[in-house]
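Got a structure here, written out as structure tokens. Questions coming.
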Amino acid sequence: MEHSNKHTPHLAHHFGEMEQQRESAKLGMWIFLLTEILLFGGLFAAYAIYRAWNPDMFYNAHKHLNIYLGSINTIVLISSSVTMALSIRSMQLNNKKRTVIFLVATLLMAAVFLVIKYFEYHHKFELGQLPGKYYTYTGIEGTNPHIFFSIYFMMTGLHGIHVIAGMGLITWMLRKTMKNTFSPEYYTPLEMTGLYWHLVDMIWIFLFPLLYLVG
Amino acid sequence: MDTTGSLFLPPGHSTFSGEVDSLFHFILYASAVFLAIVVFGIIFFVLRYRRRPKEGVVEGPTHSTALEIIWSVIPTILVVIVFFWGFRLYLKMSIPPKDALEIKVTGQKWFWTFDYPNGANTLNELVVPVGKPVKLLMSSRDVIHGFYIPDFRIKMDVVPNRYTITWFEAVQTGVFNIFCTQYCGKGHSEMIAKVKVLGEREYNDWLISETKAGEGMSLEDFGAKLYVSRACVTCHSVDGTANVGPSLKMIFGHQVKLADGSSVSADENYIRESILNPQARIVAGYQPVMPTFQGILNDRELDALIAYIKSLK
Amino acid sequence: METLSERNYLNEPWGWKSWIFTLDHKRIGVMYLIAIMASFLLGGVFAMLIRMELLHFGGKHLMGAQTYNQVFTLHGAIMIFLFIIPSIPAALGNFVLPQMLGAKDVAFPRLNLASFYIYVFGALFAVYSMSTGAVDTGWTFYTPYSTTTNTSVISMTLGVLILGFSSIFTGINFIVTVHKLRLPGMTWYKMPLFVWSLYATAIIQVLATPILGITLILLILERTLGIGIFDPAMGGDPVLYQHFFWFYSHPAVYIMILPAMGIISELIPVFSRRKIFGYKAIAFSSLAIAFVSFLVWGHHMFVSGQSQYAAMIFSFLTFLVAIPSGIKVFNWLATLYKGSITLAVPMLYSLSFLFLFTIGGLTGMFLGALATDVHLHDTYFVVAHFHYVMMGGTVMAFLGGLHYWWPKMWGRMYSEFWARISAILVFLGFNITFFTQFILGAKGMPRRYYNYLDQYQPLHAYSTYGSWILALGFIVMAVYLIHSLVKGRRAPDNPWQSLGLEWTNSSPPPPENFTVTPKLTHGPYDYDKIVSGGSAG
């Protein structure tokens, strides 16, 4: 049976060389991200349709979202993407300590995002601005104001679940980094996690104006 | 045009059923031709080119741009013809004539009601005049149903909170089936109604008699008639057998055990409430599936049904 | 009885744990095969129950109306989500794809295993839902019925949602494998057509299935939180559900048929001993079908109340998507011309496919044409149409592929005699069961009916009799296939003398697929260059 000349520790048996493996991982991850975009796409479509059917109500309802908290969250997520990218860069430069620092920073910012979201949700729960049949708030003009909040909770909820999943991935990468799994020659999982995190950020960048900046 | 039906199709009885059938048959014959080519090709080639012993390398043509073009273009032309034909006929079938008689159709689990312009109202029987276009304005009270008259070649979904429209003009008197074609639960296949096409004079007479329904009859007799025509019979027997709903025999004046454990005397008020607000006090052991007849039965009809139920000992 | 003594993927590594944690695509393919065959059996039993109930009209024979509604829903959901969508890609594709490319495995073996377990998990959920009040909505779960019925919609849709992920991961795996793991020298135009078809299928799996995911999530949220997106009383639109649902489910049917067409493209050249006619036309038509399949979903909704303008566009595009399929049929037919044809069992299934799929495809014309669709929509005509394409098409091709690669997979030959008997029974039984349904539907018999008017009884009876013949065919098949595993004649490496790369290794193959990395010396259909009797060298 043939063996490759350099038996690199992270090369899977069915790949000929590291480059092939890395390219495959990247291609696979991009396709996966595409499926995530399509998943959210359905919700974006629902948003578009219901906003077209109830333009005034959407405008009135969105005023009850806290634009300041939303903006802070946007900045927080964008920054977390920056720290994520920096952690990968650090590993490319073989700086394990910095990689860990930036990963931790990314995690912290993700946590801040979730905390702010918690406060936003809590406020809505208190007011009765809840999805679907649980909606009891009466202060919004327009037909069926619960629709806006149903869509708001569905979109930010699904996004939030992806943030939590991302935090799990980043924590896993943190552990691997601390165990010296990565090196400038091999940091593919880190890179893939970075791609995923950038997508999570990107989706928020679309969500934010659609929900918080209507009209 | 009246058609006499064929292997596949039932006789048609509306003005455009003949045209629909023509398109159907065109597609059928064109398909038969293509299928014949494929079948003939298979049989001929398999026989002609079956493997001979000691056969060596086989050289057949591997591609032919000309052939690819031919068997792309010819089918494309055919399908475009079929598309246009189907689309134009479909437009005709979807846009009712301006002078059409309008009847309101309501679908609900699991029966149809029809409201006529003069205020008449029928259940599971659509009565229309022959030779006149009829426009059906349809909506559902619960889930999506489908309104289908095979012999007229019409079909349209019946949706809650919205109106959908279809139309037809019957060319012959007679009675034809109406089926529900969008799955709607347990009674989906029982949701069969009839369309009764009457001659013009007969139709007018019928319209007049409908508005005076029940006149000259005792309340009890009228109630017995309504028990059938308003489809109570679908779920309630009068001989004691439990069905979807409790039997109506010997119910009046007796104590009835309710789902919440309490019991109530089945007097006139309870019966009236059960018809207009069926979910209010349900008999123990039965599912809460009875639809409300609010707006479907007028006061006199309610009185008649109560009288009839009282008589069932 | 001859045992398989040399090392192969079945016996090395040894032990049940090595199977549970396997990363070998061949073993994963075999596990998928067993799972989908079990699902086919379950779905088939439900089908038999349906036809038994419909043998006579008028009320209860075997079961009440509610049970019947659950049985037909389960038949559809199990056949579609547990059987047919994974069948060819996950069972046969997994086994064969890397070998066809000269690779050692798929790009992501762990993802592949995960895909299988996700499938099992989803399937268990779906089966579990049967015990908690099986769904009765029809496999399409239309709202508002599905949001208000008190059967276990949530557990079934959760099961389907989970199964969707299995499909997505298989799709990602195959796309990357085809891009990155081909043998050096194997350009795209040197790939077998089965690979092209799996590639096109994977594209659809990846793009369409997430939409199913979000649709089912919305349905679940509607039932639990009362979101109201499909509820007219809350300002929602039930028809919106249909748009969401069919946006996935129409491309899904091409997930079902494209791999089947790929198998036919493999079988006909081998058993005609000839180069395939129109390689590029067939390859590109797969991509064309994948693309256009996303544009035609509205043809399921011509009578839903949509605008005539929308109907027109969907009808036109529906006719367009038929053309590439027609092109394939003609190319396959032309491959028979001047061939050297044997009627081995895989070839019998291929010819069955040609006949049955052509009928299925042509009957699609009746449904694509607006005026006739009005009459035929939601009748047995539609039921017959999709059974002709899905069963007469996909299942026949699946069976052809199964009988073709069976010796490779197990190192055993099955009884040719009994396989022919079974193929004939299946073909006859299928036509009797389903051709009668074209007539039933055109005569006005609606689908999903528990009971029917007496005028439809004779045709329903014939259809039921046909189902008995069909079932007998499958029973015979199960017997001789299982028998072959135990007592079958030892299979040679290349019993069909095919030129595909997967036939250059032993039957069954070694765990790493090729003991020596293959060198590409010819294309998979170069029968005009190589005298029969040889395998690649």
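Each chain gets a letter, A, B and C, in the order it is written, and its residues are counted from 1.
In this text, contacts are C-beta pairs under 8 Å (C-beta built on N, C-alpha and C of every residue); 3 or more make two chains touch, one makes a residue touch a chain.
Here the structure is a predicted model, which means the values were calculated and not measured.
**Student:** Can you name the chain that lies farthest from subunit A, using the mean of each chain's Cα atoms as its centre?
**Tutor:** Measuring from the centre of subunit A, the most distant chain centre belongs to B.
**Student:** Based on Cα centres, what is the most central chain?
**Tutor:** So the chain nearest the centre of the shown protein is C.
**Student:** Take the average of all CA coordinates in subunit A, do the same for subunit B, and state the distance between these two points in whole angstrom.
**Tutor:** 49
**Student:** At what distance in angstrom does the C-alpha mean of subunit C lie from that of subunit B?
**Tutor:** Whole-Å distance between the two chain centres: 33.
**Student:** For subunit A and subunit C, let me know how many angstrom lie between their CA-based centres, rounded off.
**Tutor:** 35
**Student:** Mind pulling the residue numbers of subunit A that touch at least two other chains?
**Tutor:** In subunit A, no residue touches two or more other chains.
**Student:** Inside the complex, what are the residues of subunit C that reach subunit A?
**Tutor:** 98, 103-109, 111, 168, 171-173, 175-176, 179-181, 206-207, 209-211, 213-215, 217-218, 221-222, 225-229, 234-237, 240, 244, 512, 515-517
**Student:** Would you mind writing out the residues of subunit B in touch with subunit C in their complex?
**Tutor:** 7-10, 19-20, 23-24, 27-28, 30-31, 34-35, 38-39, 41-42, 45-46, 49-52, 55-64, 67-68, 71-72, 75-76, 79-80, 82-83, 85-87, 89-91, 93-94, 142-144, 146, 148, 150-151, 153-157, 159-162, 164, 177, 179-190, 192
**Student:** If we count contacts the way the header does, which residues on subunit A are in touch with subunit C in the complex?
**Tutor:** Its residues touching subunit C are 1-2, 12-15, 20, 23-24, 27-28, 31-32, 34-36, 38-43, 45-46, 49-50, 53-54, 131-134, 143-144, 146-147, 150, 154, 158.
**Student:** Touching subunit B in the complex: which residues of subunit C?
**Tutor:** Those in contact with subunit B are residues 65-66, 69, 136-138, 142-145, 148-149, 232-233, 238-239, 272-281, 303-305, 308, 311-312, 315-316, 319-320, 322-323, 326-327, 329-331, 333-343, 351, 354-355, 358-359, 362-363, 365-366, 368-375, 377-379, 438-439, 442-444, 446-453, 527-532.
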